[in-house]
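Look at the two complexes coming up: chain A is in both, with chain B in one and chain C in the other.
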Partner chain A sequence: MSSMTPAAPPISLRGVSKWYGPVIGVNGVTLEVEPGITGLLGPNGAGKTTLMKLITGQLRPSVGEALVFGRSVWSRPDARRHVGFSPEVDAFHEEMTGREFVTAMARLSGIPRREARRRAEGALERTGMLDRCDKRLRACSKGMRQRIKISQALVHDPAVLVLDEPLSGIDPPGRIELMGLLRDLAGERKTILLSTHILHEVEAVTERIVLMARGRVLAAGYVGQIRELLAEHPLTVRIACDRRRVLAAALVGLESVAGVALGAPASAGEPEGGDGPGDVVVKVRRAGDFFRRLPSVVLEQGAEVERVEALDASVEAVFGYLVSGAGYGGYGGHGWDGGSSG
Partner chain B sequence: MTGLRSLLFLVAYSFRRQLRSRKMLLAAILLALIAVVVVRFGVRATWSARRFGDLVVLKLLGLFFVPVVALMFGTGAIGDDRDERSLVYLVTRPMARSGIFAGKLLAVLPHVLVLNGGGLVLLWLLATVWGRPELEGALAHYLAPVLLSSLAYVAFFHCLAALFRHATLISIAYVFFVEVFLGSVPGILKRVSISFYTASMVYGSGAPLSPPPVFLPIDASTARWVLAGLAVGFLALGAAAFSRREQHDPV
Partner chain C sequence: MQAERLGYRPWDGTLRSPALRWIPIARCGLRSIFRRRIFWLFLFLGLLNFLLHFALIYALNTFPAQVQPDFAQRRGGMPRLLRDAIFTGTGESYRNFISFQGGVVMLLLGFAGAHLIGNDFRFRAVAFYLSKPVGKVHYFLGKLAAAAGLTALITLVPALMLFLEYGAFTESLDYFRDSQRILWSIVGYGLLVSVGSGVLILGVAALLQRTIPIVVVWGGIFVFLPLVGEMFRALSRERGEDVWQWGLLSFWSVLSWTSNSFFGIRDDSYRLPYTLLTLAAWLAAALWLFWRRVRAVDVVR
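What follows is the complex of A and B.
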């Protein structure tokens, strides 16, 4: 790590475009990724895999620069020392065992033999593969192969991890385990760029996302921040309180509120439009303004609020909105088909 | 130091992988078939140095076995990783791409030289069982051309693998059209083939073997330098091409 430029961000893309002949893979992307986990989301053909290949030095930008700690990852082999990559493609040197493969990858990273063996064991242990790593790769299940891929990405202890669909093919307990590993790695100040098509997985490990569609980065930042930027798209907030009618009347006067509706009463005997306990569903124009004003309105009305929740602030909701805005009109939260290659 | 260590490991690692490949078996089968020809001919007639040079060195080895072995290993050095889509594990490691290219060539070189040079020695040993006394000194004349042409061929095919995704098909077409066909037409057109320089070395090596009337060989020393130059030139060209080209699946 001594060769890193101290002030440089782990991953930095400056005006990067990538063409494959007449086809554009990535279009004018400027992005910085900081330590921690960042989810990379987008539908098929969005440019996710191309972006990852640019960051790992497999592709040369047609325009712009892809830098890791301030160094061009395409032209500087030493920059790749800081990068671990787990590709989506399910390919290995099939005749080897998992242990042999991960050790070989450590040695290809310039680690001496004994140290490479030790590190390979460590990486395999972290991914839960140590007890199964002496099996030939061709005989391994999809989940085992995914873990081996992650192990080889970790084996040289890189500061930047680029993981393309790392959880695909892994069973639910395994996913939880690996998500825990990702959180641990993030806790070690590693920079993890993670692409996955299972949106709730992203939400389970990070709130920081990069949304791509048609080769462009549509949004990058925290889910909540991105949601707030969408001022013209109302956020739906449900407030469970004791005096829902009074609170609804007060909220409707706020500039940031586009509409208010009374939700279900808290108890079955309560009339639908009554002033007893229950939900108020508010359509909000600017979430930031609304949440700043909400406590004072609640106090003014003497209401007691049990719960406030944003109904559509999930990554999926944000993504659905953004992608439909980018021309993927058919997306309604159900049209997601895997995003296998970008 | 770390980069050098990576590259040295790459050479050893790729060498071992090639050693366990089916190519070794295929090369052994081809060599066995040629050995059968040598034995059958030896049983029926005695091998002379001239006959051995013409039939075994120039035709069976020079136009068939040497290019085929160089083709298999030359195009496979990178092509095998590309075909199994595992090249990603190499190009994302902290190694210069030109180093990866050179390392891959170094890894297959021993296989090619041992198979071709060893093949020649084996066939010569078989021929000497039914050979005239002059055949015993002939190996010295033929070994250098076989080894140098192996070097030129493998560098050339390895270079093609850096330039083209389907290098094996291109290489097969090259061997038949350029080496076999153009290499045997009268005039100077045959000088585009590597086999021409191999044959020129053989004819100029002092072996009791003279070229056909229309062959017009160049002198052995020039041929030697041309073959060595081709090997170095294709290595440099391939390394430059591999450094500049992206290794990715088609979109």
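What follows is the complex of A and C.
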């Protein structure tokens, strides 16, 4: 990796736009991606695939620059040696075995023949495919193909991995295994940009996300930070406690609280607005302030808190707020089927 | 074997020069082709003609010497197709041999097109290649090498083997010395056929992607267009003028006429500018189609 520019971010996009004739794929994206895992989220047609193709040097930006370690990945194909890409493709080289395919991809990266074989074996071992890699690809399940695709992306030891829906088609134990692999790779200082439509899987591997819609980056950063910036959508916090009327009254006085409501009582016999055990639902404007003040308020009121949970701080909730704000009116925050095309 | 399993580890070695990175692409393509039995059938069909010629050369040269003059006399009275098939070691023989292979080349490339190129575009697998540190030129060269290699296997390679066999049966090695032009003409024509039809299938397969449309259009280029050309040429003959330019509709005729100037078979020099222009037009169109697709643009539908 000697050709990397020191201190240059692994992935950097500077005012990148891409048009397909009259259709805009990516619109004025400026973004830096640091080592570790970053989730790339967005509904169909958001521009995720276009963005990944720009980062992997398959597309030329209409405007702006896509850089990998400070080098233009389009105009200097050699910069692509630092990039491994696993596309969302299901059928490829059906007549070849997994081992042959990964070896060929290693050779394509410029690795000498003998070393290419060894590296292919190492990459297949890492994705758990070594014992099944002599099957022809046409006989492989979708999950096996996914692992082979990840192997070919890993085979030349790139510092940047761009993975398009790498977990789709993999059974639950396999997903857990592959998510572990992604975490391990991130631990090796690799930069992983992961596109997926399964939001809770993103949450399982990273807190850092890039949200896209209509070709634009709506937000990039840690989920919690992005959530805090959504001033028009106060965070909803549910507190399960006793003496809930007293606690609710005390919380109303906090500057960071926008509203308080009494939730469901803990037992069926308890009246709706009673002071017994149950939920207090608080709308919070500045979550940091609120969570700093909450323990002292609880202590002052002598309440016993069983559980505190943020109801809409998940990736899915943040995504829902942002995407509906971007004009995807139909998004309800649940059952999103966003794919990766576009 | 176990000792070589070093597991996944960082790579700090020297990478090979990008100049030769089209080779793994060509190898991938050929490997996929050779794994399918139907292509072995096509190759076998392509080699039947070669085996026939090979056996004929052997037989003619091991017959009693007195039979040969009689045979040569009889050859004069044979139908043209049969007469052309009899090998005499002249440039015309080699040109006829390669031209005769056109039918099998058409079948072979027509069916290979989807496997070699069409599927890459259809399933968007081009991304595997183009995300690696290679340029689009490498991708083109790799695919062209695979297509041209297949064609050369049933045209150039057997023609060269026939040349060697024929020369080996002469009493001295003078044939090799005196037939330098034939040798280079075989190489030239073989490469022209292999590369020309290779570029053409790259364009057609990149455009159409699926086997059946590729075979239909490919068949149209090699069967329908020549028939149309022949028909118009016949009509022109009926009017008392032979408009040979209608023959330019046949890609194979264009190649064959161009090769006449290599072999020096007859004075076809008046045709050469036309054939070269037509060939350039065919290849430019195919290259344009291929290049348009290879940009890997997935237009949002």
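By our rule, the second predicted complex is superposed on the first by the 330 of 342 C-alpha atoms of A that agree within 3 Å, B and C clash if a C-alpha of one lies under 4 Å from a C-alpha of the other, contacts with A are read in each partner's own complex, and residues count from 1 in each chain.
Definition applied: a residue touches a chain if its C-beta (ideal position, glycine included) is under 8 Å from a C-beta of that chain, and two chains touch if they have at least 3 such contacts.
It should be emphasised that the depicted structure is a prediction, and the values quoted were computed from it without experimental measurement.
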item	value
Fit or clash - chain C, chain B, common chain A	clash
Partner touching more residues of chain A, whether chain B or chain C	C
Chain B versus chain C as contact partner of A:L31, first or second or both or neither	neither
Partner chain in contact with A:V202 - chain B first, chain C second, else both or neither	neither
Contacts of A:V16 with chain B and chain C, given as first, second, both or neither	neither
Touched partner set for A:A250, first chain B, second chain C, both or neither	neither
Contacts of A:E121 with chain B and chain C, given as first, second, both or neither	second
First (chain B), second (chain C), both or neither touched by A:Q152	both
Region of chain C that runs into chain B when the structures are aligned on their shared chain, from 41-49, 59-67 or 167-175	41-49
Touching both chain B and chain C, residues of chain A	20, 23, 25, 53, 56-59, 77-81, 83, 85, 87, 89, 91-95, 104-105, 107-112, 152
Residue numbers on chain A that touch chain B, as the complex places them	20, 23, 25, 53, 56-60, 77-81, 83, 85, 87, 89, 91-95, 104-105, 107-112, 152
Residue numbers on chain A that touch chain C, as the complex places them	1, 20-21, 23, 25, 45, 49-50, 53, 56-59, 77-81, 83-85, 87, 89-96, 100-101, 104-105, 107-112, 115, 118-119, 121-123, 125-126, 136, 152, 154, 156-157, 162, 341-342
In the complex with chain A, residue positions of chain C that touch it	4-13, 15-18, 21, 23-25, 27-28, 31-32, 35-36, 115, 119-120, 123-135, 295-300
Complex contact set, residues of chain B against chain A	1-3, 5-6, 9-10, 13, 17, 20, 84-86, 88-96, 99, 246-251
